[in-house]
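Each of the next two complexes has subunit A plus one other chain: subunit B in the first, subunit C in the second.
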Partner chain A sequence: MYELDLKYKPKPHRKKLTDKVSEALHGYAFVAVPVIGFLVFTLSALGFSFYMSFTDYNPIKGTYTFVEFQNYVAIFKEEFFRTAFFNTVIMLLSIPIGTFLGLLLAIYLKKLAKGRIVLMILYYLPAVTSSIAIMLVFRDIFRSDGGLINTLFGVDLKWLGADPWLIKIAIIVKNVWASVGGSMILYFAVLTSVPGSYYEAGKVCGANAWHGFVDVTMPMTNATTFYIITTGVMTGLQNYADSTVFAQGLPGGRTIVYYIWTNGINSAQYGYASAASMILVLIILVITVILFKFSSVFRGQIK
Partner chain B sequence: MSYRESLISLNYKKRKITDRTLFVISTVIVCFGAFLMIFPYFYMIINALKTPAEAIAGTIDKNFWPKNPVWDNFVDVFTGNERYPLSSFNMLDAIKNTLIIEVLVIPVGTFVSTLAAFAFAKMKFPYKNTILIVLLVSMMVPYAAVMLPQYRVFSEMQLVNTLWPLIIPGFFGNVGMMLFLITTIRNVVPDSLIEESRVEGAGWFKTFIKVVVPLIKPAIVAQVLFWFVGIWNDFFGPSIYLTDPSVKTVQVALLLLNDVTSQASIDMPFMMAAAFMSSLPIILLFIALNKAFIQSNAISGIKG
Partner chain C sequence: MKKIVTFLMILVLLFSLTACTPGAQTSQEYEPFDPDKEYEIDFLGWGGVAEQSNFQYMINQFMKKYTNVKVFYSAISDTSTYSQNLINRANDLPDIFYVPDWDYIKWADSGKLVDFTPYLDQEEIDKMWDMSIDIFRYDETTKTVGTGDKIYGLPKDLGPLALVYNKDLMLQLIEDYNLDVDLPSNTEPMTFTEFKNYLSEFKGLQVDGSEVIPLAYYDVQSAVYSNNANFYTDDSATTSAIGTDNFIDAIQFVADLSTSGLAADYSTSGSSFSRFASNTYLFTWMGPWDIATFWEGLSFEFDVIPAPKGDAEGSVSCASIGTVAYGVSAASDNKAAAVELAKYLACSEECAKYNYKLGQAMPNIEEMAVDDWVNNVELDGIYQYPQSKQVFVDVINEADDNIFGKSRPYYYTYDKIAYDALMDKFNDVWAGLKTARQVIEEYEETYQQELTKTRQRLG
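Take a look at the complex of A and B:
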């Protein structure tokens, strides 16, 4: 058919060719700004960090020599980096807890006839509140002498003190509180798209609530669970505010990004900071690859 | 009714009863949870009404309620008090600085992101998908990995302690917003409309403005809302670049009140009032436009 067009109407076809070129040029022009932004702010900066992670760069003097993998070896020998790494991983615990509670809430909300939107607003409120305001309040709630948590449970624990576990528990509790609403909203959207007949069918066959959950809800929400967990882990790995504001730099609350910030901007161990940031990139890269590989598998289940 | 059928119906009735008990129990738990959700906000308010001494002595069993509620703090956070004169903490300036960033970044960034989203969704050009994937992957790069070089460049340019390091990157758009709008444009704008506009002689840009933008306006508004809240609550970037009190944005200004290194103790009621007042605009915005917030959050999750 195209051939025929060519024979009988040569002019419009030629016009089409220039049209294609013009479309392509316009397309490039339209995407140019974000691409330039990527090249300037992400790629070149990442390249610089990568290069500097193999040097002993001193930003004040501006001098550096090539040290190969020494920074990478050194930071793993360093107590500060090892605790920061460990702390970051432990603090990720808030993600599965918050996700699971969000799922239970969404299942409940689906059954609710009235007042759903009010509950949604209340549970989602922390997601739009500044994390700094939240931290300032929770610091007072977890305060040691006469703080709310201590008085309520009749204990006298120094949550915001030197103990490496108490501070992490406080951070996890706070982050679960803040993240339940977000996963609730995501789960609710998916659950409302699950036909109620699936559960009815299950019930007639003698399935109880638990089986309905395991056999219908879980497979239907796998993709969402996967999405919430992976994105949660990616943001959790970049946790910085909890270290600097909530834990005020206490060793028990230091994270990888806190390490990068301290060494890179504050005390100018630039090579160490760059090496740590490259390790962070590597971890997130691996998670991203897993996300891309498996999300299609999970999505396939839904369809 | 056969034996089997009656068994099923019996089973069904029994289950109805346990279902109801389960529902009542979960209602109690969920309502308690909702109480826990708003409690910290409530706690902010009642502590802001106390005197500093009362706030420190206050626990759940004694001095929980302020004896003589003082409402001054909610005004003082804007006008200053003896402990924090305007020269050391100025909430209005902080709000002004935050709004400068919002007003400069959001219109430019939204335009850039929407235009790019249109090109990725509806136009044909070589290596389109490769470019898109590269931008997608760039979204995964942690800020911590690009922060140090960016800081070096901005400090070479003498831009530390100005708002520019927080504004300039925003001019290049927001990949998250772009990604969301690509899906929206693909779902909402039919190809035929674009072809029609092209046949009528409109250029690509005119087609974008006249045909695409009006159709995706609700999605753009929702994304702008999210971005607005994101900039308002942003902490990491401002904490690196803004150390001088006069240029601080809302979140980093709040931390001036929590300076545990200084000799004087923290003015807890004042800090709670400041934390509450700084969150209030966003809370009101969210309550007023809750559907837009909740829906766009839900959609971004499903598409992800």
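Take a look at the complex of A and C:
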């Protein structure tokens, strides 16, 4: 008689993954890296900040108590915060202006027969130049004594002084100059893909240059406009360097992030800073939602 | 979905708990330095390349002297980033680090600094400037700096401000325009009015086709202190004193200098050194820590005079004084070695001499400052400038009835918020849009509230 070899165990039949499941697993594996990164470095930090915003956490003493909405109430009472919010919103004006000028430049360059590349490089240079260097140069341009603007126009304006409007105008001018090249490149890329036949068809129907711009160019570039405006607003709301480097702390040039830094983080009031940060997150969220809500405006059609 | 939410909640909770966990235990127990024990200590400072290299040199000298101690030195170039870095590391402080005057009370009150009192003998204290030790005293009961038995810092340097002028340019202008003006006195402070008149002599004058602006800016703190006024009624910094006529007049004096063209537009004060170096300004301000920069950056002779005194009754010249301390972490495992290093850097004669020869600080040792530094011992050529270093000594010494010094206003408060907000309000005064009286009448109540809030943060 043969004895049964109990040591032998047949290998379990491995169920082969279907292509669909296998593909999904691969997909999840790739997605996992940024998702984990987002959870650990963004969402948990956001959650921690939200929690801290209801405390009076003092990092030096390491003590904290739950203060409910005190930080939020204090921030809204603070004149400095209201001014910083106002300043930040006004400074956002550079985004639509820079975007529009970028579009005009792209149209101009597309029509240009010679020297297009040279001009394009020149216009794009600010986008690849250090923003700090730009700020320092523009500080000299706007200097009240012997600055380029005052000398050129024969005026005696204290751009970098106490006047809250002049400093904002200076910042907007600088930011338009710095952003116009980036917008131009994006628009130029889109415009090169617009078939010339659209304009020719318009001409046959009696459309002039203005009609071509409004009825062909704008609808064809609307997605780009939406992208530039949305990302620009998100970045603009987090502006900090203009307050410190360009305005050097002048009240008229202070932004929300500057406020968070000076009155919160730099003063060891992390609870307060967290509350101000949560307000900024909320502002960015609301504005982004509004922009997406009205994104249909940017989905124009060629008439 | 529920699982994801639960996971996120746990993650946030974990993060929150770990972030708020108290760090290493602090202890004020005296630990004597053991020459047979091996120590390794971290030292965090700030400063540019030159300062870092100077400190590395002094630390190397220390390690040669104490071969059982190994020091790991690092520095952050920007002071604001430095302060923030230190706050973030509050639960894991370096063994020894800088504590600037604007942060001193925060750290002194935190219980995280070593009290140097048991480590200092009377002889060591006696040879230092009284001010250099007293300034780092802290009274935990009244929560007031500058008084009390505990000493939570040893002086890195004392920084009295003085007015500095371009001597070559001044002599050239006097000759070119045939002015009936003498060089300013380095012992007898001018009054505000005399100083204004003095500056007026140079208004609108040109050198090499460019207009000279008599003054870069006026130090607001020195103006207030020198007009027999203050930001608070006493050093506890709890009650506002900005409503006095003397305070208002001091602010208006500073503003009038700008609006009358005697001083540059205040917004250009950030670049005052470069414009002083290029013969644009005749006067600006300097502290002893600036001397090396002036040696390197200027191609002319410069000298200092004391801060002018106000026209108000009882006024004396009183410059603002900035200070930085060496602090030692009470949680350090190598406290004794860290204290030894702090004492070496702050109290030793070799470091004091090295510092002054490099133009980095005036000596903390009184005798050396008075006998050697002021008389340019071992200094020659441009390294003797400013010749009137006695001015700095007078501010610290307070031996002269005429010249005094006082710590900067934010040394007395938990943070700079109240001071910075007040200075913001003065922007309208500097620009000539409002008078000092108008702004102070509008703002004094809020300033008092800010002071109260600041005090509450101290606990």
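Convention: the second predicted complex is superposed on the first by the 248 of 303 C-alpha atoms of A that agree within 3 Å, B and C clash if a C-alpha of one lies under 4 Å from a C-alpha of the other, contacts with A are read in each partner's own complex, and residues count from 1 in each chain.
Everything that follows uses one rule, which is that a residue touches a chain if its C-beta (ideal position, glycine included) is under 8 Å from a C-beta of that chain, and two chains touch if they have at least 3 such contacts.
Model, not experiment: these values are computed from the prediction.
After alignment on the shared subunit A, the placement of subunit B and subunit C results in a clash. By the touch criterion defined above, A:Ile265 lies against subunit B and subunit C together after alignment on the C-alpha atoms of chain A. In the superposition on chain A, contact is made by A:Leu105 with subunit B only, not with subunit C.
Once chain A of one complex is fitted onto chain A of the other, the partner contacts of A:Val137 are limited to subunit B, with no touch recorded for subunit C.
Of the two partner chains placed by the overlay, only subunit B lies in contact with A:Ala241; subunit C stays clear of it.
Within the superposed three-chain model, A:Pro59 lies in touch with subunit B and with subunit C [touch as defined at top].
With both structures placed on the common chain, the touch criterion links A:Ser44 to subunit B and to subunit C. Residue contacts after overlaying the shared chain place A:Leu93 against neither subunit B nor subunit C. Once the two complexes are laid over each other on the shared chain, residue contacts for A:Thr151 go to subunit B alone; subunit C is not touched.
In the superposition on chain A, A:Val173 contacts neither subunit B nor subunit C. Residues 40, 43-45, 48, 52, 59, 248, 265 of subunit A lie at the contact with subunit B in one complex and at the contact with subunit C in the other. Listing the residues of subunit B that touch subunit A in their complex gives 8, 11-12, 15, 19, 22-23, 26-27, 30, 33-34, 36-38, 40-41, 43-44, 47, 56-61, 112-113, 115-116, 118-120, 123-126, 128, 131, 134-135, 137-138, 140-152, 169, 171-173, 175, 178, 203-205, 208, 229, 232-233, 235-236, 239-240, 250-251, 254-255, 257-258, 260, 268, 271-272, 275-276, 278-279, 282-283, 286-287, 290, 293-294, 297-299, 301-302, 304.
Within the complex formed with subunit C, the subunit A residues making contact are 39-40, 43-45, 47-48, 51-52, 57-62, 64, 80, 143-145, 158, 160-163, 248, 250-251, 262-263, 265-269. Across the complex, subunit C meets subunit A through its residues 8, 11-12, 15-16, 19-20, 22-23, 80, 83-84, 87-88, 90-91, 106-107, 109-112, 213, 264-268, 270, 415-417, 420-421, 424, 427-428, 430-431, 433, 457.
Taken together, the subunit A residues at the contact with subunit B in this complex read 20, 22-28, 30-31, 33-38, 40-46, 48-49, 52, 59, 105, 108, 111, 117, 119-134, 136-141, 146-148, 151-152, 177, 180-182, 185-186, 188-190, 203-204, 206, 208-209, 224, 227-228, 231, 234, 237-238, 240-241, 244-245, 248, 256-257, 260-261, 264-265, 270, 273-274, 277-278, 280-281, 284-285, 288, 295.
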